[in-house]
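Presented below are the structures under discussion, each in the form of structure tokens.
First subunit A sits with subunit B, and in the next complex the same chain sits with subunit C.
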Partner chain A sequence: MPATPSRLQVLSLYKQFIRNSNQFNNFNFREYFLRISREKFKENAPIQDKEKVAKLYEAAQRDLGVLKRQKLISQMYTFDKLVVESAKDQGDSRS
Partner chain B sequence: MLRRTVASGSSMMRMAKLPLSSRTALASATTLPRRHYSPAAAVKLTNDISLETHTDTQMASRDQAAARAEASAGSSAKAAAIIDEIDTSGRTALNAAYQENTGFGTRPIYMDMQATTPTDPRVLDTMLKFFTGLYGNPHSNTHSYGWETNKEVETARDHIAKLIGADSKEIVFTSGATESNNMVVKGVARFYKKTKKHIITTRTEHKCVLEAARAMINEGFEVTFLPVDEAGLVDLKELEAAIRPDTCLVSVMAVNNEIGVIQPLKEIGQICKKHKVYFHTDAAQAYGKIKLDVNEMNIDLLSISSHKIYGPKGIGALYVRRRPRVRLEPLFSGGGQERGLRSGTLAPPLVAGFGEAARLMHQEFESDQAHIKRLSDKLVKGLLANDHTNLNGSASHRYPGCINVSFAYVEGESLLMALRDIALSSGSACTSASLEPSYVLHALGRDDALAHSSIRFGIGRFTTEREVDYVIKAISERVEFLRSISPLWEMVQEGIDLDSIEWSGH
Partner chain C sequence: MLRTFFRSSTPLTLRRISASPVAARSASTFIGRQSFTPMRFYSAGAAKLDKDEVTRRVIDVIKAFGKSNAAATITPTTLFNKDLGLDSLDTVELLVAVEEEFDIEIPDKIADELKSVAETVDYITSNADAN
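On to the complex of A and B.
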């Protein structure tokens, strides 16, 4: 059984989700992953069962890996900004 | 340098024998005497190559806008007095159609989710490893390269089957829903052609089912194209009455691609079971978006498309019931892959991407549904707030992600032209090249004019609230503008009934 993460560890994971989601260059993907990250953490916040939390934590770490890779890909192949997006909008970690 | 080496082949031979560093020195010394490239500089050059591939039309469009503004300023100064009215009206049209120089981007909002959906980054992540290392043929069972790919393919099959309550052995991969539909309509009919000669389908089906059915007429089959009511729903009594002893197949689509209407699948399934007729449903637009269960709904065959569920394009699947077994003649002859129904090597990257997309549809079902419903309600409310607009298709039996609205007294295609900043369509992508009005809306009893002025809006997982707000505002403004220059609208405002007008001959 994987170790139960501390409160601090979960918070740090959440922070990483938000940071990586924010670094998507694509507007729709950025907004989606921000929304879904917030939603998922909020939804699972009341779970107390240690085993369940540990499992979710492990799954979330895998998802974070996906997010980290895909964020980079999104930064490599960029497109024009959408008409609803300010040209100076965020989404590029290097700027 | 190239020319030189080609001209003197022997010197190239000599160069090849030299070590790398001295060769570079030699090349630079002999061919480019004035410019010195040190090895360090060459390395730097390769590092400088940008990994980014911009589609930089943004800068171009900004330049264009600036040029246009300059030109119009010059011309209006010259002829301001005479053509003031025309000029300003022209400019309003332009302003309405393009939002330039506003500090925003230029790429249109994507609102055509029925045509296709963006590939989910998580799907791409699953697919990438098949392009980098997992390249084995899933049908090679003599080595581990084949086994590992095959394992992934079977996992994907499980995910796809799970979403419709089927067994993974009942899933056959195809190139897409069009192939699946053709396989069913032609395959089932051909297999039972000795005893059964009749196919039933509806008028609002996708073109590929209609055309496949039409092709079967040439092979001696009879096809009944059932009409639909004003809401786009099939009449169950009419369906039951149409079934004959020699009917082999009933094909009714689950969610309509143009109007988003959900057909009463469970009831149709019961009727088909009662009369022992195979029931096929084209679920390209429904799979993963509404709850489907092949056993509960008595579905015998079901077509699925991957790119409608944020998966890769170029793959789909067909569910074929095993108990009781549904027999069909395969379209392709070959190595007998996919239970012999669809020969040809599978494309593991696409299959795995499709499987991941299906898994995500399952995982995110509630979240997606809530999000789409919320945005859809907002969009419908915002659009219907305009005068003389109406929602096409049933208001209650519908998938919220597909909204079809008619804007009376506005020409649909001209509205689409005015909406350069929103990617929309007036019907299915297959027929958008032709200017004829949608046959689906015709089947609903809409007249040509209204069918012409209809636009379909698609909402998906990646649509944002900001985009919906923008669309509502843009559509309202431009509908108003197009009506303000329409003589028909003027007559309507004056209270003239358009049907009473006798138009002079053409």
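On to the complex of A and C.
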């Protein structure tokens, strides 16, 4: 049985998810991964069963690996900003 | 080492242009001045961040964060979990936003202990890399 992760380990994993998701170049992927990371962690937060937590932690670590790779690939291929993004930036600069 | 180089090279240069005494004098003053040129280092300590400025920027980040109960006015004594209604995951996310704003990385153990605006500001001002 894999070791149960501590509170700090889980928070650290969440931090890495958020940080890596933030680094996606593509707006759609970035928002998607941020949303899915938040949702999954929130959803699984109340789980107390140690075995279940350990399993989820392992799965999340594998996912983080995938996320990191995809983030790098996303940074190799950059596209023009989407209409929503430039509208957002203009809104920011105006305010 | 640079200084030794200048010292040893000075007579050589003087010898080469000694045909004109005026040129020799100007050359020697030029070299003399250059060897005293103050050097600047990349790692020179940047100006320390002003505490009020840091507080203002942290509060701006919290306001932009959106998830917090932004209606409540944010003061240095504001607590993340009680006053802003953030759980531990939200706090981590907020601190990532703060890290990006100040170009620093807060170690996980310290980040876990930051619970109020004032504590975060204190950590940032004590961190030499923040800007």
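Everything that follows uses one rule, which is that the second predicted complex is superposed on the first by the 86 of 95 C-alpha atoms of A that agree within 3 Å, B and C clash if a C-alpha of one lies under 4 Å from a C-alpha of the other, contacts with A are read in each partner's own complex, and residues count from 1 in each chain.
Here, a contact is a pair of C-beta atoms (placed from the backbone, for glycine too) under 8 Å apart; a residue touches a chain by one contact, two chains touch by 3 or more.
Only a predicted model underlies this, so the values are computations on that prediction, with no experimental measurement involved.
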item: Three-chain arrangement built on subunit A, subunit B and subunit C clash or fit; value: fit
item: Partner chain(s) touched by A:Lys15 [first = subunit B, second = subunit C, both, neither]; value: second
item: First, second, both or neither for A:Glu31, with subunit B first and subunit C second; value: first
item: Touching partner for A:Phe41 - first (subunit B), second (subunit C), both, neither; value: second
item: First, second, both or neither for A:Lys81, with subunit B first and subunit C second; value: first
item: Most subunit A residues touched (candidates subunit B, subunit C); value: B
item: Which superposed partner A:Ile73 touches (first subunit B, second subunit C, both, neither); value: first
item: Nearest Cα pair across subunit B and subunit C, whole Å; value: 15
item: On subunit A, the residue positions that both subunit B and subunit C contact, one per complex; value: none
item: In the complex with subunit C, residue positions of subunit A that touch it; value: 7-8, 11-12, 14-15, 18-19, 22, 38, 41-42, 45
item: Subunit C residues touching subunit A - in the complex, by the definition given at the top; value: 87-89, 92-93, 95-96, 100, 108-109, 111-112
item: Touch list for subunit A against partner subunit B, complex; value: 24, 27-29, 31-33, 35-36, 39, 63, 66-67, 69-70, 73-88
item: Touching residues on subunit B, where the partner in the complex is subunit A; value: 51-58, 99, 103-110, 118, 121-122, 124-125, 364, 367, 371, 421-422, 461-464, 466-467, 470
